[in-house]
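Just so it is clear, A, B, C and D label the chains in written order, and each chain counts residues from 1 on its own.
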Amino acid sequence: MSNDVIIEVRGLEKEFPGVRALKGVDFDIKRGTVHCVVGENGAGKSTFIKILTGAHRRTGGSLKFNGNDFDPKSIREAMNAGISVLYQELNVVDDLTTEENLTLGKEKSKFGFIQKSDGLGKMMDIIRSLDDSIELDMPVDILSVAQKQVIEIAKALSTDCSVLVMDEPTASLSEDEVRRLFLTVKKLKEQGITIIFISHKLSEIFEIGDYVTVFRDGEMTGTKSVPEIAGYEDALGCPDTFDDKTITDACTELVRLMIGKVIDQAYIASESDYSQKLLEVKNVSNHRLHDINFDLYKGEILGFYGLVGAGKTEVGRFLYGIDNYEGDIFVNGEKCDYKNVIGALEQGFAMVPEERRVDGIFGQLPIRANIPMMRMDSVLSSGLISRIKENKLADKFMKMMSVAAKDREQAVAFLSGGNQQKVVIAKCLNRDADIIMLDEPTRGVDVGAKEEIHDIIRGLANEGKSIIVFSSELPEITHLCDRIVLMYDGSIGEIVKNKKDIDIDHIMNIVAGG
Amino acid sequence: MNKLNKERFAFLKQPTFILFLVFVALNVFFALSTPRFFKLSNYMNMVKQSTMIMIVGCGATFLMMTEHLDLSVGSNLALTSIIYTFLVVFGIPGLGIAPLPLLTAGIIVIIIGAVIGVLNGLLVTKFGFESFIATLGMMYIGRGLALAVVGGNSIRSGFPENFGVLGNDKVLGIPYLFIFVIAAIVIFTVLHKKTLLGKHSVAIGGNKNAAFFSGINPKKIVMTLYIITGALAAVAGILTASRLEHGDPRTGTGFEFTVLVAVLLGGTPLSGGKGTIIGTVIGAMIITVLGNGLNAMDILKFWQIVFKGIILIGAIVLHSQMREKRRMTVVNAGTRS
Amino acid sequence: MKKLLLTVLVLCMLAGTVFAGGEQEDAKEYDFVIGKIPYTFEHAYHQAICREFTEYSEKMYNTKAVIIDGESSAEATLAAVENLISQGVDGIALHCGDAGLSAKAIDMAHAAGVPIVTTLIRPENMTAPHIQPQETPSSIYMGAEAARQWKAAHPNTPIKVAMLNFGGIEQVWEMRTGAFLEGVKSVDPNAELVTMLNGQGSTVKSMEIILDVLQGDPGVNLIFAANDEMALGALAACEQLGRGKMDNGVPLTEIIAGLDASSAALVKIFDPNCSFKLTHGAVKDIARAEVDTVMAMINGEIPMDKYTETRVLSPTFDYWNTSLAEAQRHLEINFFYEGDLEADVKAAMK
Amino acid sequence: MTGKLKLPRFRSQLPILVGIIVFMMIVLTIISPNFLKVQNFSNILLKIGIYILIASAANLIMITGNLDLSVGAVLAFSGILHAYMCKHGVPIPLSILITCIAAMGWGVFNGFIVGKLRIVPVVATLGTMYIAEGFAFLIARWDGGTNIMLGLPGAYTRLGRYMMFGKIPVIIVFVVIVAAIFLFIEKKTKLGRFSYAIGDNRSAAELSGINVTKVIIILYALSALLAGFSGILQSSRVGLAAPNVGRMMETYVLIVCVLGGTKMSGGKGSIIGVLLGAAIIGLLENGLNLLGIDHFYQEVARGLILIIAVLAQKSSGNGRN
């Protein structure tokens, strides 16, 4: 293992209007290693990657690549310098063949005719070495996701890249395909390529990683070698593979670095009525979930906690009638068989979706029109929309959520992220459902507003509503929830009851796969 | 072994092949129901009659692969056809230019067709028009100009001797029109499969991000395609004038929708990203065979209109079902949700 | 769901084919098959010609007629000619709006040895028999008669003519619009042609245009439309402006003239208080002349490559000079009219 | 950023439309002495009345991001069906009722294919257009011709030519009523609100529990109903039903909506815009007819006005979003 540093990060800063995404980060990436980057959403790792690959410009600090200052203005510039990215959304064109995809955008051409690329042989060698079942003339749409990834890797490598960034490459792969990808990664490493590997599956780090950098809240909280994390003094005494126990412990350590000290915001015990079971989920499985069992009581706040990709959102999706599932859902003791969102709403569910821009807001409509959308009855008077009621409703919620807007006529698209989120929550609350699901309710919301949203959720529970919160912020979960469902890799690890001084270490252990 | 077999017969599931089967089935049906249909001369006619659809369809297929429409092809065809005729018969009287030779006039109107394409392209790429609206506007303008050039009258005398050669004569027993069609099919299949333009068109419609990250400039491609389609409409205009052996400003009415339907039947969805020239050719032939066969069966014209609608809807439903199935198999192969 | 829809659509197609096929008669041995290409199947006039053509050829010659629509389009007409030739018909009757295209069709048919006859628009090369309805003299007569009637009632009002055409087909000018104007001018040389616009052969379009025209120049007092559909549209426009009236055949507001002599027009013409007063046209004679000529060529009675002109009268029907009985007979023969014109006129007047 | 955008969203492009209209009116007043007359405005209104009737519903469809190309064919079909039934002894009111229901059938069919089966609306409604048009011709043929006029009861034209209070044509009355209803639908009903929501963000609409399929089916049914009713009115006004009257009606309706500021991608538009868009088209055609300009220049003008109006809207405040 060479100690030669390929990327040197010093005091790197990135400021977006109103947000400091990176607050001065320092670390080194060594040549020819697999360097893992971990951190929760919003921790700053993707900002770092975007600066590295030319999608964003830094606002402070320095970044050195091969010893020279490096400030790429575009993705292409970074690519030409030798830094390529393997994006999470696959950037292959389904209706082109392998070969065509490999050469897309850098074809050699004469009079517009595509010539045989010189690099093709090399790319093919790369592909062969990674997956020998891919042929040049295969249309890409018959390939699996993993095979498509191989094509993208080959494409990146063909540009003489020395650093390959892999953004959650295993997110949509089957177990088998993950194995194969790891073999690929190892081969690449042998060829001297530096790999920056982003993953939410911490255990993977111990399989392929050499170093790991942890981000939290725009800061780097640690860069360590993998053996170090696993508890070995140095690489010499370290075995090639670790046993499960070691991995679990090490993962827990990583989670601790990612989450940091959990500020123990006082958990206020709820007035849950544990005699009244509102919802019961029995043996639910689908393509992402295995054997999910839990129940929810009246007036309870149930938290789902797990790292990104653990399957929290998927639980929300099947409950809300979006995804198919096998198994049973009982509401008030009766088995439900709704098949869509409308059915779920009628059954008494309501949800604040995770992606507000895509699934939540009606950007061109004013705030006033957004809020009643899930329950138009609330603004109808004798069947017609009453402007008075609508205004009243909007005012009520805008006050309750302290939405910062010019007035209620403002189009939601022009609001800040936090205020958009408040509008989405208001829209959902207005539904007045018995079971309210909130997926990442305070993501991108400033501290003050966060507190307000928490108070509202607590207030709702006290009114007798049952609430499910999906969150990847542990403080939020421990602050709010009465019971916490800990998820890991599509399964429920454990359901713990919240209390004043809850064992954070234990939680970390479970969500890390222990 | 099993896998190999699967691959070998994969073409059986190709939409284009299924389309071809539908085409064959139609032919068999008509051949069995009427003795007047299954004749070589009839097929020659049908190819001739679908020439313009195929030629313009080649460009339109490319445009649709990038999610764009061109509704101005019909009036573009009429305008170029009438200007071509005007130039070879009268020249440019205002400038004292004598009647032009066929080739010169041809080149001029192909440039005019391309200019219409440039206007379409500018409106779409530069001013952000929906392609539907931009080309609809150009459709009206082109049609009006075509009529205005000749005051609404046809030109039907004073043609040079070989005016009708391209549209009617044969060389070595093959009609010139066939040569044009085959040339168009070959050229555009090559463009599709072998050139940057074809590949990048597919890429733009198939995955915008991939195209972007690969440094492809979509505006340039779309602009080029509008120009090509405009020029093709002009070629079709010249051929139409030659085939009719007179200049008719009313020609090509409704042509844009015929082309659209042919391209759609050929398996190029409005959402772009895929499509084949051969599919469009089969689509055009299906339209022509259907009209011809139903005529031969002496089916009332109005029923034919009804059938046209049913087949259009049926074909698109079928296409979308096949796409869905394909997507399902991909999802089941163990990928993301 | 999609499968279900597909099945339903296929069933619809099959049912439609059966139903559409059911309109034809049972298989029968015919002596000959002849093709007929109408200008457009969408107009009542051409549909009537096709019907007469089919019935007459079957009755007289035991010959089947195949109708392919010319769709008022040059390409469609040309394709129809090609298809009929390759289907191996024994003869073709073509009514096409373009002299050049007619000539080309004749050449193509002759090259394939198929006799062909053209109608109305005289082809450029005169190498095949032609049916010529005498439209020009009838149009001139109509123009003159309309102008006479107007001048008789309003000697001091200058005549102002508005016309609706099909958008500049020059034969229409020669045989209809221009001829009409010629007739008008023969009576009043100072008559003014105010405007000539494209009614697209459509009643609705014509109505809208005439509303605008009368707004632009309320002095318009003669309106000529190149077919009855457009004339009816003009009438509808006049009626909505409180015009369109006559006092027992004496012009009050304007005089409207049409063309085709269809039942819809004649009902109005014989209404003494309606301003639509003149039309001319023939169906039966044209269709029969077409069939007769084609059959004569097939049977070798006349040469197929020699120009002969069969003139067919295009009788004029106007309120002042034609009797109801004549009109009744005309409709019965030409438009398969089964009603009683007098009764229909009375009914429409109500 | 938000401080300067004082004008509310929907109204931001209306001044431009009004500007274009005023400009056209001034020009026409100068060059044609007969332009500025009550009767002429009645003519214009009568002409664009049918467009407005249909466009009011078609506009909502466009606001959801969809499209209806079958309106012209449904209009023709309904006119013919109505005339056919009246001629064969069905009482006029009953015939109107049946025709309206039949027309809605086409709309439900469209809505089903577009909303439920998720077929691209351009193709689906193009198919319906062909089918409906074919049947319009077939019905006329079963009656024995292409136009139905003879044998219609005398009262047939009563509806279309009825003058309210002796001077206001009934079509104008209907236009006012329908425009008011759709203004009402846009502002006051769930249907209107949901239409904007679907066009704005379909996914969010579905997750908010809006029955998108149902909304789309209802809108297509409304559009077809109005097309059908327009067909009845038109044929009654003319006193004749012809199967080819609907040709190009769909593009006129589309142009009217687009001129009025409705985006084809959905989420934006209003009935007020439709009224102004229709006014532009009406003034244009009226002016050109008054001046006796050949129809081919009219087509050029139509294309130009479409492009210019959209361009003007794009370069105005609209582009900033």
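In this text, contacts are C-beta pairs under 8 Å (C-beta built on N, C-alpha and C of every residue); 3 or more make two chains touch, one makes a residue touch a chain.
What you see is a predicted model; the values in this text were computed from it and never measured.
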Contacts common to chain B and chain D (chain labels): A, C
B-C against A-D, pair bridged by the larger set of C-beta contacts: B-C
Whole-Å gap separating chain B and chain C, where each centre is the average of the chain's CA atoms: 34
Centroid distance [mean C-alpha coordinates] between chain D and chain A, Å: 47
Interchain centroid distance [CA atoms averaged], chain C/chain D, Å: 32
Inter-centroid spacing, chain B versus chain A (mean Cα positions, whole Å): 46
Chain B: positions in contact with at least two other chains: 147, 151-152, 300-301, 303, 306-307, 310, 313, 317, 320
Where chain C touches two or more other chains at once, by residue number: 2, 5, 167, 198
Residues of chain D whose C-beta touches two or more other chains: 113, 117, 137, 141, 294-296
Pairs of chains satisfying the touch condition: A-B, A-D, B-C, B-D, C-D
Chain D residues within the chain C interface of the complex: 32, 34, 37, 39-40, 43, 46-47, 113, 116-117, 137, 141, 144-147, 149-151, 153-154, 161, 169, 234, 237-240, 242-245, 247, 285-286, 289-292, 294-296
Chain D-facing residues of chain C, complex: 1-2, 5, 42-44, 47-48, 167, 194-195, 197-198, 202-204, 207-209, 211-213, 215-218, 229, 232-233, 236, 239-241, 263-264, 267, 336, 339, 344, 347-350
Chain D - residues contacting chain A, complex: 1-2, 8-9, 187-190, 193, 196-197, 200-201, 203-211, 267-268, 321
Touching residues on chain C, where the partner in the complex is chain B: 2-3, 5-6, 9-10, 12-13, 16-17, 19-21, 23-24, 41, 66-69, 72-75, 78-80, 82-83, 85-88, 98-101, 104, 124, 167-170, 198
Chain B - residues contacting chain D, complex: 123, 127-130, 132-134, 136-148, 151-152, 249, 257, 260-261, 264, 269-271, 300-310, 312-313, 316-317, 320
